């Protein structure tokens, strides 16, 4: 019983520490962002594309649009492969083959993003350059790299979603004379839908938050004019400007302002995930 | 075209007989059925009885090739249902499964509306016309004696129905593709007595219209609904005969022991 | 069982109505090849630089210090964050009794924190540890940053592993008069270890490859030294720096070679954790 009281105390302390640390974490960003908002307002920076922090112009619209573009592009490019991998691993392969397949995908989940970035610089950027005659850096290259990067994570989650569909439903469908294809489209995928949507939201978060692989191939210009011209995302700009504007310099608070939007976006995505999960149960 | 085929088949109302010869089924290295031969006349009701794990479900799932779902399965022998050579490689499994409907032990309504549940099969078979679909749904629900309970509620989720209603919905769903053979794997095992009675009533009503094979652990049920009884044990068909004969004068000692509960 | 006779027949699923499955299978194979196409050129480009002096030498360009830094960064941060995550996860699943809204708030909070982009964590660590506390850009700062990243992630998989243990096991244990702590210590933890170890392996592998959070915390310099307060460039950061800012004809091959070494560590960690999980499961 004494051990119990001790254990409870230690566990409680760790739990409290967790909440405290992350609250402080959020507070640090919030304070920085607050300083920024007091001086610059919060709507103008979001609607302006004029970014020259050393001159006091903090228009972030280009980065916001850049993030949205790159993320959307990556998800669209990744979707067919994810569907294929999920169906192959969840409905076609069985037994040890299935396990091996999942293992293989797991290895790719663990491949560092800097290596995907390397691949982008070495293969994709030159390819885009050759095909389009531009520099090759830009949202298109970033979208391609990001797409390949999220495919393993996304497809493992989608695979599990597909696999979780009760066999009673699948057999019920087949027993009515539905072909395997019909069962896939009309029974398996609709039944897996809430879990698939959750996987999708996680993938969106991954894509939005990815920094290094994007930064390596997007070119790092603070404007968004074309898919083929160098531009930037919120995260890639954070990475490059942290060197330019270290703490206590005037522009530094702008980075906190960008960071808080990223955190808020993640909170929204997580909130949606939890709603889907509840829908799944109810 | 498919639609036409469906309608035509209904008009002709062919009932199919089942012929099984020296059927053997293995799951990987384990034998599940050995040398099973039987013949079931058109429109008859066969009850399969036997201890747990003796291969009743396996036998049933061979008849509509649901057994294909198990990748390690191997078979020998022949099974004919009407003109279908069931174990043939080139068989149109889709057509077979439309002809040979199945109802499972656990009611497995699809997570959609009552209407969509029943319309699922016909839709995939190519029926597009809304009036035609409504007609099929109404007919099937009437046949499975669910119509009076769900009319006007067809847009509700099937999950809101009670267990017994769900099972009758699954019956209606199977009937909606106009099968000639019905396979029922312990259809009342998870139901209360009242719902069970309703299902049994349906089976008796369907006699002569559908050839039926029903697996049951309830011997009284077998006696009430079936024309013929087959007793399985450890993958063997021990004995098959008219229900009355089996229950009053079984030929085999094992059958008698099973029926009188002296079975270990 | 008796021998399986030879004249048994396999039931071939009909090809009819499986066109989409065939197409998707083909697409899946292409997808796997695409993924492999990331690794093959890496190995190919790395070959000229994968020499003994590069791997083990002390001279210019050798990656010995980076390897050391990577190991201390990852090891240090796991040592710091995993026990804390274990405690938080255990408290969350085994002690908190209510299923109320507060618990949901906590879950969403923790999940949000694990999705915070790593560069944001880097930003905060720079703000607090380096700017306010005047820590140097060093291995130690990098360890803190990585630990921050790993903490919520580890809480998530610990919680998942614990929640997979059916509640009736606990009830059975309590019914025997075991206390909560005894139940955790002798029943829950042994059951949950294998899965937690495997997931920890995956998390560790991810830490090894983490770049964005380390650039401004552990820095982009390395030297042979044994202090946690010295410059702490990791393999991943080294690769990033060489590939984006590297000059000299050998830089590209060295970048690729660094990537191969990094990948080798990642695979080793995954394999090791998998074996360990297997061993724990059988023990």
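When the chains are written out, they are named A, B and C in that same order, and each has its own residue count from 1.
The definition used in the following text is that a residue touches a chain if its C-beta (ideal position, glycine included) is under 8 Å from a C-beta of that chain, and two chains touch if they have at least 3 such contacts.
Keep in mind that this is a model prediction, so the values were computed, not measured.
Asks: Chain contact topology under the given definition, line, ring, star, complete or other?
Replies: complete
Asks: Report the chain whose CA-based centre is farthest from the CA-based centre of chain A.
Replies: B
Asks: Of all chain pairs, which one counts the most C-beta contacts?
Replies: Pair with the most C-beta pairs in contact: A-C.
Asks: What whole-Å value do you get for the distance between chain A and chain C if each is reduced to the mean of its CA atoms?
Replies: Distance between chain centres, rounded to whole Å: 17 Å.
Asks: Centre to centre, by mean C-alpha position, how many angstrom separate chain A and chain B?
Replies: 48
Asks: Nearest whole angstrom, what separates the Cα centre of chain B from the Cα centre of chain C?
Replies: 51
Asks: Multi-chain contacts in chain A: which residues touch at least two other chains?
Replies: Each of 179, 182 in chain A touches at least two other chains.
Asks: Of all the residues in chain B, which ones touch at least 2 other chains?
Replies: 94
Asks: Residue numbers in chain C touching 2 or more other chains?
Replies: 13, 16-17
Asks: Which residues of chain A touch chain C in the complex?
Replies: Chain A residues touching chain C: 1, 3-4, 7-8, 10-15, 17-19, 21-22, 25, 28-29, 32, 80-81, 83-85, 87-89, 91-92, 104, 106-119, 121-123, 148, 151-152, 155, 179-182, 184-185, 202, 205, 208-212, 215-216, 235, 238-239, 242-243, 246-248, 255-256, 259, 262-263, 266-267, 269-271, 273-274.
Asks: Please name which positions on chain B make contact with chain A in the complex.
Replies: It comes out as residues 64, 66, 69, 71, 94-98, 101-102, 104, 106, 108, 110-111, 120-121, 124-125, 170, 173-174, 176-177.
Asks: Can you list the chain C residues touching chain A in their complex?
Replies: For this pair, the touching residues of chain C are 13, 16-21, 24-32, 34-35, 37-39, 41-42, 45, 84, 87-88, 90-92, 95, 104, 106-113, 115-124, 126-128, 130-131, 148, 151-152, 155, 179-182, 184, 202, 205-206, 208-212, 215-216, 236, 239-240, 243-244, 255-256, 259, 262-263, 266-267, 269-270.
Asks: Could you list, by residue number, the parts of chain A that touch chain B in their complex?
Replies: Within the complex, chain A contacts chain B at residues 94-95, 166-169, 171-179, 182, 186-187, 191.
Asks: Quick check: in the complex, which residue numbers of chain C touch chain B?
Replies: 1-2, 4-5, 7-14, 16-17
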